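Letters are used for the chains, namely A, B and C, taken in the order the chains are written, and counting of residues starts over at 1 for each.
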Amino acid sequence: MKNTLLKGNWIRVIIAVLLILALSTAAFGKTKLRVTTWAGAEEAALDESIIAEFMRLNPDYEVVYEAVASDNYYQKILTDIGAGTPPDVILLDAEMIPKFFEGDFLTDLAPFLSRLAREGYGGSNVYEYFPVLVDIARIDRKIYSIPKDTSPMGVFFNKKMFDEMKVPYPDEDGWTINQFIETAKALTKDLDGDGKNDTWGFAFPSWVGIAVPLLWAGGGEVFSPDFSHTSGYLNSDINVKTYQTYLDLLKEGYAPTPQQASALGGNSALFYTGKVGMILTGRWFNVSIKGQIAKGLDLQVGIASLPFADINKKDTVSYLSGWSVPSNVQDKRGAVMLAAFLSSDYAQRKRCLEGSLAISANQAVAQLQGENDPLDAAFIKMLDYSRVPVGSQTKFYRPKFEDLWAEAFDKINVGGESLRSVLDWMASEMDKAIAKGES
Amino acid sequence: MKTPVKMWIVCLVAVITIVSGFFAWRASASSAWMSTVTQNEKNTLLYAENSLALAVEEANARLNELVENSVIDSPESVRAVVDRAALLFRDGFLYACFFGPDGELVASKGAKVPEDFVLTVFYDTLFYSEGYALSEISYDTGTLHLQTAILLEDGSIVLVGQDVLADFVRRLNAALGREYGFFYGDEERFAPFPFSSRSAVFFEEGFRDEYSRMFTTAVDSQRPSAKLFSLRSGRSLVTSTALYDADHWDVKGFLVQVTPESFWKKGSDRLDWFVWLGSLLSCFVAPFFLIRLHYRERTADRSPRLRNASLFYAIAAFFPIYLFFLYGAFLLAPSLLREYESSSVLANGSLLQQDIEYRFDHIALSSKSIIEQMKRATRDDYRICPVDQTSRFSTVTTLSSRQERLISPLAPADSSGAIEIGTLSIDRIGQTYVRFRSRELDWQVLHEDTFVSNEILSVQFLGVILLLAFLAVALIFGFLTRHLHNRLLIRNTLFGYLFLAPALVHLIWWAAGPLGFSLFLAFRRWSIVDPAKPFVGFDNFIELFQDGNFWNALKNTAVYSLYVPIGMLFSLLLAMAVNKAGKIAVALRVLYYLPVVTAGVATTIVWKWIFNRDFGILNYILGWFGIGKIAWIDSPQFALLSIMIISIWQAIGSQLLIFLAGLQGIPIDFYDAAKVDGAGKYKAFRHITLPLLKPTTLFVLVTSIIGSFQVFTPVYVLTQGGPLRSTDVVFYHIWKAAWTEMRMGYAAAQSWILFLLLMVLTYFEFKLYGKDSWQAYF
Amino acid sequence: MNRRNLDRSLSVITQIVIYALLFLLAASTLLPYILMIALSLMAEFEMYQIPPKFIPTILRWSNYIEMWQAQPWGRYIFNTLFATVAVLAGQLLLVAMGGYALARMKFPGRDFMFKLFIAFMMLPGVVTLIPGFIILHSLGWVDTFMALIVPSLGNIWGLFLMRQYMLSLPSSLEDAGRIDGANRWQVFWKLILPLCKPVLATVGTFTFLSMWRSFFWPLIVTRSKEMRVIEVGVAMFSSQYITNIPAQLAAATLSSIPMILVYLFAQKWIVQGIKMTAGYDR
């Protein structure tokens, strides 16, 4: 009696195990090309339709699209690379290109693109893109990345707040630091008379990605022209003067302290809830704002350039991402074709016109974007005087420069040190790191 | 005394184990060997292809110069140009022609002129060439030859054809010792082009499909592809590379290299000899010592000296294996692989020297671009320096300034004839170099050793693993031999390990290998994107000890882990409080578990609110006691404390469950007995609950401390390591070193320091608890 | 007499204080959970207020619909559930057998094995990720269920807990079983294991929790959308510059329900023999 019962049970267990094993080893189709991006759920949907179109136009190819949550993107592709199975097309930040370029890891796309362009293949004509964006990944005549889209940096301002406090809008063609200071002061008010400010002029720009273009806008530089050192550039008098202006505004209460900002939900929340009149950030913020307005947020937004020290010397940065191909892929031509298609007219229209996710790197599509949305038009104008991000020129930017800046700001904000001493410290640390050759 | 059958069986099993161990090693060694051979052959083919490219460059340069120095304005001048071309390109001259702007043939010289040249793709390509000469291999006139053409300003074209490919193949053959051949066509339709009677050697129709597959791989990946074939002439390694048109887009043909087995057979044979010798020797030694051990066991008394002696015998039984593995992995395989690489680099170098002697008339004008082209073709780094100091050529190099800075001095190993070969390192990455003089310049060609180094590394890695495995094997066989007749012990051991087997197998499979790899990495430098993993000795650790931030993080983490004992006490009290029947208890248990399932965002918002300096509850309550406002999360002094509080709060749910389970294991009789004896609640807790929970509390303590040292996400999300690095934790450094700075070796070193620290801590925790079975109390 | 009254009133006061503290703690753990639900029903611009809004003004159920439609959650749930159940079954068996061996069986090298297992618990996983991935890739298991299941079958922590628990069981059990003629496996399966219900439930709960919420390993070893698990899906709501927090929290809320249910079930199993064991209130 006992034995048969046991046998019955064991048979069920064995069947279950076999079923599990069978289901477990089911692989999902044969892959020929893999492309990885850091898209979120909505962007992934758009990308998938673009890839479906690629597969329709090129039936020989099968593409697997791997979207990875952006925080873990580099861990995933580095694991793949370290194991010897890199994806065929990789989306890369401009700041990561120097590192990836190191071991001869990326393919020079120029010869492929020129031939594809002659055949009229979508996305391969280098002249269709904004020159500054192609230059980001260009070394001599070699191109290592096809630009995807870009986000220049600017100032978002709350039109309603400006109207209520009767503050004039910033000039469309650009404004000076002094004008910025006055605007910030005018927007800071103590509405309920409790001695504490309830609205502030602007959210303080402590993130390195906005600090560097601010320093540029102030007329200073951060690295030496050959990127061999930062002393004399990062801690120059101009930079101290520029950033000190903003720090003074912070000290005098025209911007919430980082602690206050964090308690109230961060810079974006401050802007949404009308607590700050201006926020200095990139075009990507437009996406969140549109989303919130669609959900009922009562906000009208305008765009201004970053404040310049000299209105005739305009300078800003445009961050971008681009598609690259590792040099040890199985099918180089196919990979380059895919990479080009992912930036082609079709793709750009889908992502940037329909999805409005960023400013298209393709000049024609960007123009259309500008016609659809005055905010985008303002950003596109900035591309005229944008520069490549400093991180795309040197491998010491990420993470060394970024980490040092965060620590430097901490020293000023929490430690109470002076800007000059902190910048001196930072420049010497950077130079030590560059000299050692480690990042 | 007769040796029992069982002992012979043990010896047989030992022999089988030994033989399989050796064969496993051999499999890995020969795969590394063939891998190295293949890679080096591919490299040699690249040099052969480069040789062709240099010939092409030279042809282009000649045609450029010809056209520059000619004035073409009349039919006579056209004829003159054609004649001059015939003279200039007299090596293998086939034809020279001049096509007018609308494509008509104006003048020509030579036989078999391609009259319909204007219909070819090459003709179209020329119109994008910006006026520089281009070359392609072509089959247009029935013979595989080199076509060079240039577009003139008015749209007319000068075309020259040379039959140089046969000579080229002969030259390669002579210089490199391998067979070469050309194929014309693309990867699906191709045909071999016979240049000599030996052409049959490299293609047999029966292999067409496989050749097609090989060609397809070469075309797609744009790198040489190789395959082993058993041709009529013997086993050979066939390597092929695709030859493209002037646009580097369409495939026009393939250059194929056939390496006969004689090139690598010697190495394979050496490995075979080594394995046979090793296994035979070991197969005699092992049974010998095992049987001796068996006899000692049977005859001698149970003295402690015997135990050590049996260990000695067990190890001795397998000693030859250890020696062989060590020798094989660390001496034989590396030398074999490196030898092949050296000879291949030398061959490549000598071909290069011949090419340079043969072709470089215009070195002064285009040295940098030619060097860059050579580097592009072969991926090696080139340096040329003037031999004579007064020479007008400056140093031309493809090395970056940083590499120039970090290059070590040359260490010559040999010089055969005019070529010197040796090793050096750039930033610790080993390179093999060849050096020769040509045309008053000193040439150095540096070839990175990374591929071979990585292959050697994998052989060494496997060798070490096998060594450790055989140490375990020695212990097992020693044990078996000693207790051959103790059936009970054997059975107990067998069943013990059988029960443990699933967990143990899983551990060794998934954890042991990666652990060993990380130990290897700790002494190397690896930036993931670059496959080179040069040995850097203790550099990682030295840098670690000098990094103040790391030690600060370690200190923070250690302080942070202090929350564990406090949290444990708290959870234990709670567990006892909810350890009763009733809906309230159940509800409380579930509520206390909620932090485990609540998303981080919500937890962060609530606690940021609680800890808020101005509006937070905590400061509000503290205000009742007259304590001033504390900026919890934003102050360097209290940020870590805030995080500890949150961690205690979050750990309650999980620890509660464990303590509940543990409490169930205490029989109620003990408490009844205690009550009868008149003990109060506190006494019952101290003398019954706590001691009987020791196994559980030990578990929670050890695992929580290990967990606390590996904390990362909660801290990162809340404070990102600030303010002023007061909440910087060790794991974050490891993470950053690995994924953001891309320095895996450094991350491995940090991981091992953390690992060792945790081992020491855990050892002390166990010691603190003493005997951990409560059987001891009875 | 007076002393007894004093004792009793003191004990009443202590009881009340204890209950108050217990409920205060319960409130503190409940708050974030309620906030999570509330935030999942808000729009992002409504989220940030001090003090936090625990009751949203508008209940945006559309967040849940949006979240569900944005990704193939049905598939994610199946993947996670399948992997979790498979791992649970395999792991509990593995861990129980191993724990039994380490706690109750006698064989040479037992304590060394135990220390070996503990040692392996201590190495941070960052550097072992790439070799682990290489092993997986060489087996051809990348982007399959095997990749999710097999590496998670081992659980040293669970092994450790099982061992500690089994140590505390009386040895008379095995002797009785042996006398009755049962072999080792039957002793294990029929005598010891049923007594381990509490610890099995504990390990099972933790395993369920860790598999249900596993994020990093599935992220690395799966490629296609069809193989994603729940947490990976949740992370997909953050793109490089914006995070759709309400959608993430909606997914997190729904995801938390099975975990709470499993906990409810497990803790009942643990405290089953409540009448037989110790309690605080005597």
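Following the convention adopted for this analysis, a contact is a pair of C-beta atoms (placed from the backbone, for glycine too) under 8 Å apart; a residue touches a chain by one contact, two chains touch by 3 or more.
Remember, predicted model here, so these are calculated numbers, not experimental data.
The interface with the greater number of C-beta contacts, when B-C is set against A-B, is B-C. Across the assembly, the mean Cα position most removed from that of subunit B is the one of C.
Rounded to whole angstrom, the centroid-to-centroid distance between subunit B and subunit C, based on C-alpha atoms, equals 35 Å. If each chain is reduced to the centroid of its CA atoms, subunit A and subunit B end up 31 Å from each other. The set of subunit A residues that touch two or more partner chains comprises 75, 82, 263. Residue positions of subunit C touching 2 or more other chains: 47, 50, 129-130.
Shown for subunit B are the residues that touch two or more other chains, namely 528, 612, 615, 739, 744. By the touch criterion given at the top, residues 128, 217, 220-223, 247-249, 379, 402, 406, 427, 527-532, 608, 612-615, 631, 634-636, 720, 722-725, 736, 739-744 of subunit B touch subunit A in their complex. Within the complex formed with subunit B, the residues of subunit C that make contact are 18, 22, 25-26, 28-33, 35-36, 39, 47, 50-52, 93-95, 97-98, 100-102, 105-108, 110, 113, 116-124, 126-132, 135, 150-151, 153-154, 156-157, 159-161, 164-165, 167-169, 171, 184, 188, 198-199, 201-202, 205-206, 209, 245, 248-249, 252-253, 255-256, 259-260, 263-264, 266-268, 270-271, 273-282.
Touching subunit C in their complex are the following residues of subunit B: 479, 489, 492-493, 495-497, 499-500, 502-504, 506-507, 509-515, 517-518, 521, 528, 574, 576-581, 586-599, 601-603, 605-607, 609, 612, 615, 649, 652-654, 657-658, 660-668, 670-671, 675, 681, 684, 688-689, 692, 695-696, 698-699, 702-703, 706, 710, 731, 734-735, 738-739, 744, 747-748, 751-752, 754-755, 758-759, 762, 772-775. Residue ranges of subunit C in contact with subunit A, taken from their complex: 43-45, 47-50, 58, 60, 70-71, 82, 86, 89, 129-130, 133-134, 137, 140-146, 149, 216, 219-220, 223-227, 232-233, 235-242, 244, 247. For subunit A in complex with subunit C, the residues that touch the partner chain are 16, 20, 23-28, 34, 38-45, 64-72, 75-76, 79-80, 82-85, 151, 263-266, 269, 272-273, 282, 284-285, 287-288, 291-292, 295-297, 299.
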